[in-house]
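Heads up, the next two complexes both have chain A, just with different partners, chain B and then chain C.
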Partner chain A sequence: MLSLFQTHAHDFLTGFGWTIASSVLALIGSLILGTVFALMEVVPNKAANIIGRIYIEVLRNIPLLVITMFFYVVIANVVKISGFAAGTLGLTLYTSAFIAETVRAGINAVPNGQLEGALSNGLSWWQGMRYVVLPQAFKLVIPPLGNQFINLIKNSSVLAFVAGMDLMYQANMISQETFDTFGPFIIVAIFYLILTMPMSYYMRYLENKLNKEG
Partner chain B sequence: MSRKFKRTWRAVLAGAAVALLAGSVVATPVHASDKKNEAYNRIMKSDKMVWGVKGDTKLMGLMNIKTGKLEGFDVDMAKQITKRVNPKAKVELTQITSGTRIPMLLNGNIDAIIATMSITPDREKVVDFSKPYFNAGQAILVKKGSGIKDIYDLNKPGARILAVAGSTSAVVVKKFAPKAKVVALSDYATALTALKAGQGDALTTDNGILYGMAAGSKSLEVVGGPFTKEPYGVAMDENNPKLVKAVNKAIDDIKSDGTYAKLAKKWFAGVKGMDWKELAK
Partner chain C sequence: MSMIEFKDVEKYYGDFHALKDINLDVEAGETVVLLGPSGSGKSTLIRTVNGLEPVQEGQLIVNGQDLANPQTDMNRTRKNVGMVFQHFNLYANKTVLENIMLAPRLVLKRDEAENKKIAMELLERVGLADKADKMPSTLSGGQQQRIAIARSLAMKPKALLFDEPTSALDPEMVNDVLKIMREIAADSSMTMLVVTHEMGFAKQVADRVIFMADGQILEDSPTEEFFANPKEPRARQFLSQIIH
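What follows is the complex of A and B.
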């Protein structure tokens, strides 16, 4: 296994790099998009509510692979889009639907009195959300949000299907080249753990810290 | 742990064990028959020749959904060969896949295979091949007007060649265009869609398969001809020298009496980028 890693270190590290790049971009993108659509669901405006609802229901009920393939072979006819971009976009949109649901649950969990208090103190709805409700909501949803981020990193393996050069794609290529189907996947699994384990622990640490702060 | 839970758990384990056992029974190895000329004698005695052909490969062996019949170049070749091996024999066609064809042949379910099967040293260890009947090899499919003339045009940085992951062609193409990037996708359908969507400059695999793809699309063409030599042959069970001899003679006759040219023209004359006269070489 060690010799396999040594002979193909370049491939594994390239894949690792692309997986990190895709995960980071999708994480930032889906957090922003997810928060935006969560707000659209709770804002006192019927049209926005409906749009938010449709976005979330459509994207979280379609398989990630289907969304990704859509970008790779359908959208590519209109705009030139690489496998990496198609995969990262698919990952961002798909995850954003789940994050929107998570954040919305957090907003709903903050007692109504908080927003009412903010409004009666002269804050606008947006200010109340921004300064009073959202900070409390995020604190509440850190554990489920952490799960979404870990899922996102693991789901980035969808890039392999659109030749996104990620870890999984490299593992497929190496196993086909060396006829070793076991080694490459074990090595790749370790790489994924290197990404997800610290994430897991950081989320737990964050949860404890925020609990203590109250 | 409650008693009820324990019981359920035990049932699950037992189920898993049964499934494992069943799996191992199905995977019994198949051995070639030891009797000499068994298949040949069977064809002569029953006046029936059973062929394994492809049912999913356009132009070579494809199930026509409207008529329910198998058609293609391989199918017509099977009929012509049968006529020359035993003029009285009826042709029976069995649809096979790359995975099932060799076990079915060794079991005696089929007498011969004519199904886009390249003659390779590994396969020759298990079955006997006739002489080549189709000049197959790896080629490239491109969009019309791409300006790409052959595989060597793709040997430059920035060129992207689509291939199917796990196929030999994905590995071999690197030798011919080492500077190009190989984009490996999971199957032919995805690779073809990706080519149309501009995710690659060319798609590479066997010319037989590419001709079928080109025939189904107005915007694609095969260019440059095959750059490897992997001719197709008829596969038969080992220990059948009489059958191999008869099939070889039939192929020679088909080529020399003009039947081959007729068949090649029938199936491949309409395919863009294909010189059907080159096939028989």
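What follows is the complex of A and C.
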């Protein structure tokens, strides 16, 4: 297996790089989109609530692969789009629905008096959210958000289906080339663990820390 | 001049008729205490005055704006009408000083140095200048409530609403809060509407007493008259049940 890694180090590292790139982009994008749609669900405006609800329910209940294929096959007919871009977009939208649900749960867990205090102090609804409620909500949902991010990294393997150059894609390529079906996937699994394990431990650490703070 | 004026106001929670035919006029500078058994609609009424609860019918004119009109910008009213809550509602993610400085900074665009100066003066006034950098959760209920009052005053409001400000406090903390409220009431320009069960405070400070039951205003009398000779049988019964 070591020799397999040595002969294909460049491919594995390229895949590792694309997996990281896709994960980081999707993480930032889904955190922003997820927060926006969480706010749409709680803003005092019926139309926004409905749009937010539909977005979350639709994206949450379609397989990631279907969303990704939609970008790669359907959208690519209209706009030229690479496999990497299609995969990262699919991953972003899919994850954003789960993040929206998580953030919304956090907002709902902040006592209502916090927003009422802000409103009666003269702050607008948006200011109350931005400066008082959201900071508290994010602190509450750090552990579940961390789980979403770990899922996101693992789910980035969907890029392999759309020629996204990522770790999983490289593993497929190498196994087809070398007829070794075992080695490449073990190596790739180790790469994924390098990304997810520290995150997993960090989340556990944060969770303990927050529990102690009460 | 009226600061707060209810004209034939009705409020519903779904089918529940929470406020019935409310007519009430609070003049600028007046201190009015709302009394009544629990569930009588006192808190609901006071929460409508800064738009935390919408009303469905009638007119509710606060500082010249009709809050019964859904088009009204509630924020403009809230800038001028502060509120102190039973459970303080201090921002849990901000220090004491930041609690006081946040709204003047964001809403009034007050200069940062001046903002801090005013906040510190207010903390001195409520006797808690040494707690400026503490988080609210580390303070006692009475201290939190005094800071909540300072936070409201920092906006230099024309009116202050108090929704059972001492009900969640340990008995030994109550007097510190009432003392500050008395000082505010002594300021002739401040309009105060207070829901409380503190009869001593009501007798001493209120210009008028409003007695509510079942979502209605049953009596609206000058303070001395109300305590000496309540007109309504329900008010008489209520007073007799309160330990003086």
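Quick note on the criterion: the second predicted complex is superposed on the first by the 204 of 214 C-alpha atoms of A that agree within 3 Å, B and C clash if a C-alpha of one lies under 4 Å from a C-alpha of the other, contacts with A are read in each partner's own complex, and residues count from 1 in each chain.
Criterion: a residue touches a chain if its C-beta (ideal position, glycine included) is under 8 Å from a C-beta of that chain, and two chains touch if they have at least 3 such contacts.
Predicted, not measured: the structure shown is a model, and the values here were computed from it.
Of the two partner chains, chain C is the only one touched by A:Pro135; chain B is not. Contacts of A:Gln114 after superposition: chain C is touched, whereas chain B is not reached. Once the two complexes are laid over each other on the shared chain, residue contacts for A:Gln127 go to chain C alone; chain B is not touched. Shared-chain residue A:Pro44: touches no atom of chain B or chain C. In the superposed model, A:Val74 makes contact with chain B only, not with chain C.
The part of chain C that touches chain A in the complex is made up of residues 50-52, 74-75, 78-79, 81-83, 85, 87-94, 102-103, 106-108, 148, 151-152, 155, 161.
Listed in rising order, the residues of chain B touching chain A in the complex are 165-166, 170-171, 183-186, 190, 193-194, 196-199.
Considering their complex, residues 113-114, 116-124, 127, 131-132, 135-136, 139 of chain A touch chain C. Residues 69, 72-74, 76-77, 80, 82-83, 161-163, 169, 172-173, 176-177 of chain A are the ones that touch chain B when the two sit in their complex.
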